[in-house]
Structure formats: C-alpha cells, structure tokens
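Look at the two complexes coming up: chain A is in both, with chain B in one and chain C in the other.
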Partner chain A sequence: MFSLAKFFLYTVGSFQLVELMYVFIGIIVMAVTFIAFYLAYRTRRTARKKQLRLLYSEHISMLAICDGEEDLQQTINDTLSRIKEQGLAKDEQARGVLIKELVTAAKSMSGTAKENINIFYRAAGLDQITIDQLKKGAWHIKSRSIQTLSHLGQKQHIAKIYRHTNNRNELIRSEARVAVVKLTGFEGLRFLDVISYPLTEWEQLCLVHELSENHLPDFKHIPDWLHSDNDSVVEFALRLGEGYRIFEMHGYVAFCLAHRLPAIRKKAVQTIRAINQPATAALLVAQLLREEEEVQLVVLEAMGEAGSENDLAVLWPFLAHPRTIFKIAAAKAIRNSHPYGMTMLRQRVDMEMHPWHILIPQLEEEVHS
Partner chain B sequence: MSWQQIIADFFTYGILVYSVALLGFYLFIAVYSIGETRHYIRKSSFTDYSILAVSEKTPSISILAPAYNEGATIIENVRSLLSIHYNHMELIVINDGSKDDSLQKLIDAYELVEVPRLVINHILTKPVRGIYKSTNPVYRKLVVVDKQNGGKADALNVGVNVACNDYIVCIDVDCILEQDAMLKLVKPFLEEKTRRVIATGGVVRIANSCEIRDGKVVKVNLPEKFLPRVQTLEYIRAFLLGRMAWSRLNGLLIISGAFGAFDREIVIRAGGYNHNTVGEDMELVVRMRRYMEEQKLPYKVAYIPDPLCWTEAPSTYKILGRQRNRWTRGTIETLKLHKVMFFNPKYGRLGMISYPYWFFFEFLAPLIEFGGFVALLIFASFGLLDWSFFFALLGFILCFGFVYSTFAILMEVLTYNQYKRHKDIFRLMLTAFLEPVLFHPFVVWSAVKGNIDLLRNKKTWGEMTRQGFAGAKKAAK
Partner chain C sequence: MKILVAEDEPIMLKTIELRLKKDGHEVIVTDNGMDAMKQIDAELPDLIITDIMMPYSSGLEIIGKVRALGGKKIPIIVLSAMGQENVVLEAFNLGADDYITKPFSPNELSIRVKRLAQTA
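Entry: the complex of A and B
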C-alpha cells in the first residue's frame, strides 16, 4: 500500500488527491448553484411564456374571426400596435412564443381563419425572422424554420425551402421535402426527380400523410419515378400507386417486378395486388415461379386477393412445402381464390395430420369471424 | 526484488490502472452522452408523432406481455395496455401456466373464447394449451395465449411465435406506459435506410410514490422511501448517461426487459430468448448483435431518452438484494455464453469495446471492490495502512461519485425535468450524498452473492414481491 501511495502521489503530481477533492467540491457547489438558479430562471420563464400565450391567444382569436379584407387589416394594425405598446415587438422570447402560437393555431384551423393567421404572420414581418433563422441557424433551427413556413402557408418562400430538399443534413432535407409537399401538393414532389439521398420510411409516411390532406392527385411523373436510380424513389412511387389505386400504373409496376432488389419487388407485388386487373393473376403466377422464398410469400398472400380459380394448379404444390408458413399462405390463397376453395382444401389434405388438423379449423374460423 | 514484492506491485499497479480506466470511462460516458441526448431532444422538438398515430401505413406491432400469477392486477394492466395510442397493434398476453385464476379472470372480463390457431414453432417452446380471442370487437386487438409454465423467456418465445407482425414489443405486464410510448419506440425503425435497426429501447422510470389513475401516471413524484429514491437516481445515471452514450457508440448490450422493441425476423433468426439464463433481456440483445456481426449485416440498436415506461422499484433490501443478485447472474451468464467475442476484432466495436467494458466494469467491478474492502481490513488489522492517504483516496472517490451523480441530476433538470419541485432536486442531491453509505455497499454485496449463487448453479429468479400500483400485493417468480 505504501508503494501505491507513493506511485499515486507521484503520478498525480502537483494536483494531489486532497487538492483534487477541493476541485470536485468546487464543481459540486457550482453545479448545485447552477441548478438552483436554472430552476428559478425556468420557473420565471415558464410563467412569462404562459402569460404571453394567454395574451397572444386573445389576439389570434380576434384575427381568426375577421371577415373581409378591411376588417382583417384593421385588426392586424390594432394587434401590431398593441404588441408594440407592450414592448414585445423586439423581445426575442415574445416573438418566439408568438410564432409558436401562430403555428399551433394554423395547425388547428382551416379556411379563412387559417389564411388570416398566415397574413398576420407576414404582415408582422415574422416570416423574415424565420427566413433569417433558415439562413443562419443550426440544423434544428433550420428544420423548425422550414416547418414554421410550411405550417403558415408561406408559398412565396418555396424556392428557399426547395433548395434544402437535397440538403446534406437528413433532418433538414426531410423537413424541406415534407414542407414543399405541404405547400404545393403533388407538384412539390418534383424533388423526387433529382434527389440523391434516400427517402426513409418515416419521410415516406410523412409525405403520404401530407398528400392525403386535400391535395388533388397528379400522377404524370410516377412512371419516371418508377425508373429512378434512387431505389427509395421507386419504392415511394409504388407506395403512391398502391395508396391511390392508380390503375394506369399497372404496366409500369409490372416492370418493377423484375427489379434487382427483393424489397422493391415485394412492394411491386403489393402494389399490383392493390391495382388488380385481369392481367394481374398471370403476372403473379409467373412471379411466384421465379422468385426467391422471401418474395414468394408476399406473392402467395397477393394471390389470395388477386388470384383466380385458374391459378390453383400452381398453388397446390405449396401445400407440401417444407416450411409451414408457406403451407398457411398457400392454403389461404386457395381458400380465397375459389368459391369452393375450403371444400377442395379439406379433400386434398390429411385432416388428421399436422398442421392441417389445426390449420383447416383456423381457416374456417377466420371466414366466419 | 522479492517475489512477494512483485506480486504486491502487480496488484497495486493493476488496481491503479483499473481504477483510472474505470473513472476515465465514467467521464467519457458522461461527456459523450450529452451530444446524443441533445440531438434527440432537438429532433423531437419538431417531430410530429401524431402522424404515426393516424397513418394507415404505420408498421404493425405485436406487444408481448408475459404473465405469471398476476391475477390480482391482470385485468387493469391489460386494460391499460389496450388503451395505448397505436393503430396497428395486437396485444398478446401470455399466461405462463399461472397457478392462480389469471386466465379465468381474463376470459370473464374480456369475453374470450378459445380459437383454433396454428402456432409455427420458429423457436422451440413449452406446449401452448390454447389461444383465446375476444368475441367483443372492442377487444379485437387482444390475444391471450395459455401455455405450460416455462419461465419468462419461454413465454416471450411463445409470443414471438404467435405474433403476426414485423415488430415485437416486449413489456412487463405490470409496467405503465406513456400514451405515446409506442409511437416513439417505433419511429427509429423507420429512420434508417442504410442499416437495419434491430432493436429500440426507451427509458424506464420509477413509479413509486407517483399518482396513478386508470393505469396512467398522472403526477410524477419523487419516491418517499430512500431505497426507491436512490434507485431513481441510479436509473437517471444509467439511462440518461450510460445508455445514451452507448447508443451513440452503437455499442448497447442491453435493452431493459421491462420495455423494448425488436425486429421479429432477426429475433427468430438469432434463436429467440434463451431460457437457460436469468438475464434473458441482455442475452437476446447480445445474441442479435452477434448474429448481425457474423452475417456482416449493417445494423443499429437505438435508444431514446424519453421516459416511456414506469415501473415499481423494490422498496426493501430483501427484494432489492434478490433483484441485483439476479442481474449479476444474468450478466455473467451472458458474458460466458458469448465469450468468443472478448477482444475479438471480428465483432468490431461489440467485441473490442462493449463486451470488454461489461466484463471489466460491470462483472469484475463489484468483485474488485469487495476484494479491496477485505484487503483494507487485513492491512488495517496489521497496521500496514497509511491512514492519511487512505482518507484522501476515499474522499477523492466519494467526491468523484458525487460529482457524477450531480452531473446526472443536472442533465435530468436540463432535459426532461420530471421532478419539478426544487425540494425534489435537493432531496435527490442528498440521496446522492447518502448513496455510498446506505446503498452502494449493499449492491456490491448482492453482486458478490450473485457470483456465489452462480457457482452453486442457482437458476431461479427469486421471489419478487411488489406492492402493486393499486396497493394490491402480488408475487412473481
């Protein structure tokens, strides 16, 4: 232990253990003091924010109910002068709260009320503040600025937002992509022609969500996207085809059944199932015969909906597949493909044998429920 | 130099290097976690999770809730789980051969009937006795599986086999989830395009003394009793600092068994939960990671700092001791099962950083600490101790620990600030001050006992009696 003591003290050098303890105690005292001040500061800030929110919600309610240009202009002027009188026009925190309140209001409103909020936002010059943040801010500030502009319908800034749709930062580009679609609907999707970064599942969900909100569909670019070098663009185009049931896409989707990626082929099978046409069953049969197991399963599921009684011949062999999951999928496809599918299944399989002694009652029960 | 001197120096310098490395790691974890937590909070500030709640295209999830003798609270717990905000989900409650009336209570309360269901044994399990679904469409998301008793891991494996969806969420049936917990937990799976997210976990918080109404935490309070309170501090340190730093490094080895989501396909390919260990939650994550490394597939284990799940912490030393004993045995069993990865460059960061960290600083730390205490007694009794240096070193270590806890509290205040009253924060500070005396030695001793029990081949979980949020007592083995 003496050697440890000597070694330790020697290593620590001028900063001896006791002195280090003082440093730690100093840090603790500073941290505790900071926490105390921070908690007090936060309490005060929260109280002020609450007060500001209350004040602004009154203004916003007045703006929302304005009817006609004159009335709106008068209310905007009154609101701005009152904000100025209260010394809040140049207060950064107050401006932040006001923008947040406007965004919250715009999210929950529609029609004239929402338009009035958007006009006020511009008239108060708040859009310029947001644009400055978009230019100079850190990634999260830029992302939030893009979101603010889109929620408040600031179409005049679309070019500034659009240039971020292929931004190096994934969160900025994600917000920009969603924003251009929010502002311009299907037209905004033109970024799909040029983007080099992939669209994540999350982005795709957000885009579909935005498109579903009162935007008139425009499908003329979808065939181009199905040929994109960016695989995620192909996937998204297929998703659109599936979601909007774009029957005109059938031929193009069939082309995707030969895509090099199994994930895209799976998506293509799901899409072609959704836009079922007379040619679909034959396409699925051909696909089933040439596919790897991972995709075969999806094809079998699709055949349950898009298959016909003429395709049963290709399904029967799957009842003897070594993997139970294929037996189940094939049996379900047979049950759904033919009016007497269930009866035929019962005749074909040995009801005493596993898995049929459970699977057949299960398939029957599913029909009844 | 005599051989006694060589041995003495070996241990002396060895422990010195070990201590410096341990403290260094703690410092690194504290600093490194800041970036990850800050990034997540900034990202969340403009994320609209409601899209996941309303979208028709959200991924489907299967929630697996194993239950053993939970009759006292099972109805309320299932009701709480059914009310979670998520469209495409099924809730699979696995009755692991309970000896009480859990199953009958579920049948009566949720109008269940047995249905024919073929269960594919992707993973081998104890036999399933029956599968039940509700005749009431309100409970269409509920599936109850009755099986022969086989332990928690076996019950979860049955759940994996029964599940129909791509993602599974494993939870303890008595945990309380935040309403948006699933939305937040699922999102990381959707955010990666270049690598596969195989698992995600969220922060587990302690619900003792919190106000709970209708299966929801309505008011967060700091636990009144010392033991749950010190565990609150411990969880803040572990989740807000430790796991966030490891998440940033993509080196996480554990996702809490109380609440975690997994990619079902990878779970099956990796072989499911191992029912030969009491640390099945950690073992599964390690095995899934090992599988991905061996297949050379890019992957990620994600962790989010949001408090998503609330659980009841042991409030007596007896129960706490059993829990820590089991955690220790689980850690050692997992490390032993995957010893091939130890400093094996083939496993990348997993083999070169995560595994060695757990070996040296999670498994060995309590043993070394205990050895140090024994040595202290021996040296002291022989009068070989330099008391002034001893007290300086002790003070240094205690101060370091207190600084670390203070930093964790500071992070909590700056981020989620669950304990809003000033009084609570200062009670947490006081708890941090008392922890080295009233809590840490006991945890070390429980870990040592865990090692001894493992050598004796003890495989049981140990009785985990809980008060229950409704005040009812229940036991889980």
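Entry: the complex of A and C
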C-alpha cells in the first residue's frame, strides 16, 4: 500500500495525486447517487405494479363471475369506463400489468369465466396492442405476444401467429407452433406441411399435450407427414400414430422402417408395436435381421409384445449376445412368443452361468405375477 | 354459510370470494396458510376452501391441523394444480372432502360448495 502511494508520488506528483483523489471521490458519489435514484425508481414502480395488480384483480374477478351476455356487457362497459376515469387506458405500464393479469386469470380459470376474460381482452382493444408487439417487438416480446394471444383464446389472429411457425428464431417459432395447436387443435398442425426448421423433442411433447386438451382428433394428414422431407415431422407423425393407436397407419409406418435415420426407424418400430397387427411380427423379424445394434434392441423389445412363434429361430442367437441387455430382451421375447417359451429358454441356457442364474428366476417371477 | 378461502393468487382469491358472496355466503379470505389457521380459530367457518401451495403453511398442513382439532367436522375443499394427483391423495388421506383442479370454473366451485353444504 505504502509503495503504491510512493509510486504515485513519484510518477504523478503530489498535486496531481490530490486531483486524482477528487476525481475518484466524484465518480463514487455519482455512482452512489445513481444507484439510490434507480432503487427509489424501482421501488416506486414495484409498489405501483402491486397497486395495479390489486385494482385489476377486482375488475377481472367481476368479469369472471358474470352470468349471461347482458351482465357481461354491462360489466365490461363499467370496467372500461373506470379504467378510463383512473387515467390508466393510455398508461403503458398499466396496460402491461392488465394484460399480464388477464393471462394469469385465463390460465387459472375455465368455462364461462375464461371466455368472459377473453371477450374483455378483445373489447378493451388489448389484442391490437399485443399484435403491434408481435409485429415490431424484439424476439422475447414477440414470443410473449404469441403466448398471450394463445392463452387468451384469440383465434381471430391465428393467421398472424401461423406465419411465425417457421420463424428463424427458435423461441418464436416454438411458441407459434404450440399456440396454433392450442387455439385450433389438429387443424393447427397444418404448419407441418411447410416447416423447414426441425421440431424439437420439447416442442413435440408440448404439441402432444396441447392436442390432448379436448381437441377432436383428425388424422387425415398423417400419411403425408410420414413422407415429409423434414425428419422431425416424420418423427412427430409416428409419435401421434403411437399415442393415438392409429391402426390405419400400419402400412405407412412400415414404410418408415426403411428410413435412412436410425432415430426414425426406432420410432417406427415403437409405433408399429403400439398398432400391432398380424403382419407386424414378420416385419419385426425382417427389421431385426437388417438393423444396426442401436435399433435392434428396440426391435427385440417390440418382439416381446408383438412377436410370434415363428420368430424363435432369429431370437436364439441373441441369447449369446455380449451385452446383457440384449440377452434380457431376447429372453423376454422368447418367453412371450411361444406358449412353451419359458421351458425352452430354461433348456437352452446354462442356469449356472451369469446372468441366467439371476435372469431366469426373474422372468419366471414376472410370469407368475 | 360462513366460508374461509385460503389462496395466494389475488385474482383467484377475489373471484372465489365474489362468486361465493353472489351465492349468499359469508366469506373470509386469506392469502397465506398461517393466517388461515388463525382465522379458523377465530371465525369457526362452516366450510374451508384451501389452495395446496401457499406461503408459510401449506393447504395440507391446514387440513391436518383442522382434523386434529376434532369437534365439529368442517368440510374442506382443496384447490390443486394439474399434475398434483399425489398431493390430492395425501389431502384425502388427511381428511379433505373434495378437490378441484386448476384451471377451474368458479361456477363449478359454487356447485361443489352447494353439494357439500347439503351433505354436511
């Protein structure tokens, strides 16, 4: 410390050192003042936000419990005029809080209450503000706008959301894809015809979840999606086939067993297992013989459910596979494929050897339970 | 009927309060579990509607404490979010009488309250 001061004394001189200290003190005072002002501003803003939330929760609750069109219209008019009187109609922060509160309410309510909230959002012209944000905002504002429109059931703006389903920004397109399905169900999936960007695993799960929410199934486009150039669309179509057990898709799924990507072939095997038909067993045997190890395991597991007595010849060699997981899958397939599968299995393997001394009792236990 | 509503989401709390008042009930509201326990002791409500996830003291703790008090059996309706099936089972084990999953319709809650009021 002492040598540092000495260094300054020799290099800048005593007069300059005092000046430098003043400069530093000035900077510190300015920084502290700025922080104090900023904190005061933040506190005021947060307090106002809290106040607005309370005010709006009252208004929104009144709207939510309205019974009948007349009652609702009257409450909407009263709410809008009160907002105008309080000078909040053109206040940007107040509008933002109102939209946020409407979304929160719409997420927690269903039935007439939710419908009333959606009607108010439109009647207050807030949908137009959200649309403007969707047009001009940064990526995070755009994705939030899409979320708002979908939570508040604004179907009339579906075209504006739809055009973002292939947006180059991953978050925007992800929100848009989920939103169109949330708003229109299976009909919204028509973006699968045109998208070039992939559907992520997360998006696929979100879409399946949204589709399960009281939307009438419509499978007529699935065969087209199974032939899509976008591999993730093929994967998603297979996921739908598996989830909804679309037996009519069997032929199209069989076609996907020859897909160039192992991930798609795996999914096709899982789907064909779910929509098991008499032709499935033969398809699985053929697949097992030509597949690479990664997919073979899934095929073996499928054969445990959809196999037939004729499969035994191709299954025996897998009992000698170097990896235990393959041995287990093959043993299960043999046990399930033939009425005497378990007996034959016991005769074929050396019960004293690992892993059979553990595995065979386990397989027998499963049969009994 | 005197009903205690414990819910930490202001909009939901207000909506439930207004809906029940519209049905002619006397409603006491609170946004946290600790205050709910105090209100139960002070007001002796005829029915309790409680959210599961709340600050300070959860809905499950409220059910447990109310049932441990003994005396007159106060019907309890639990408000839960989707995917909280295990917690709902726990609530039933502790002595809850009914549950409703969010998102829900205030009208549906009103009907459930009526039904519980009739059977209580």
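Brief remarks follow.
Note that in this section the second predicted complex is superposed on the first by the 316 of 369 C-alpha atoms of A that agree within 3 Å, B and C clash if a C-alpha of one lies under 4 Å from a C-alpha of the other, contacts with A are read in each partner's own complex, and residues count from 1 in each chain.
Following the convention adopted for this analysis, contacts are C-beta pairs under 8 Å (C-beta built on N, C-alpha and C of every residue); 3 or more make two chains touch, one makes a residue touch a chain.
Note that the coordinates shown come from a computational prediction; the quantities given were computed from them, not determined experimentally.
By the touch criterion stated above, A:Ala47 is placed in contact with neither chain B nor chain C.
Partner contacting the larger number of chain A residues, of chain B and chain C: B. Of the two partner chains, neither chain B nor chain C is touched by A:Ala279.
In the superposition on chain A, A:Met62 contacts chain C only, with no contact to chain B.
When both complexes are overlaid on chain A, the residue A:Ala320 reaches neither chain B nor chain C. Of the two partner chains placed around the shared chain by superposition, chain B is the only one that A:Leu171 touches, whereas chain C remains out of contact. Of the two partner chains, chain B is the only one touched by A:Pro355; chain C is not.
Contact residues on chain A toward chain B in their complex (touch as defined above): 1-5, 7-9, 16-18, 20-21, 24-25, 27-28, 31-32, 34-36, 38-39, 42, 139-140, 143-144, 147, 171, 175, 198-202, 204-206, 208-209, 232, 239, 243, 324-325, 328, 355, 358-359, 361-362, 365. For chain C in complex with chain A, the touching residues are 9-15, 17-19, 22, 102-108. Those residues of chain B lying in contact with chain A across their complex are 8-9, 12-13, 15-16, 42-43, 45-46, 48, 51-52, 54-55, 57-59, 115-118, 120, 187, 189-194, 379, 384-386, 389, 392-393, 395-396, 399-400, 402-403, 406-407, 409-410, 413-414, 417, 422, 425, 429. Contact residues on chain A toward chain C in their complex (touch as defined above): 53-54, 56-58, 60-62, 64-65, 101, 104-105, 107-114.
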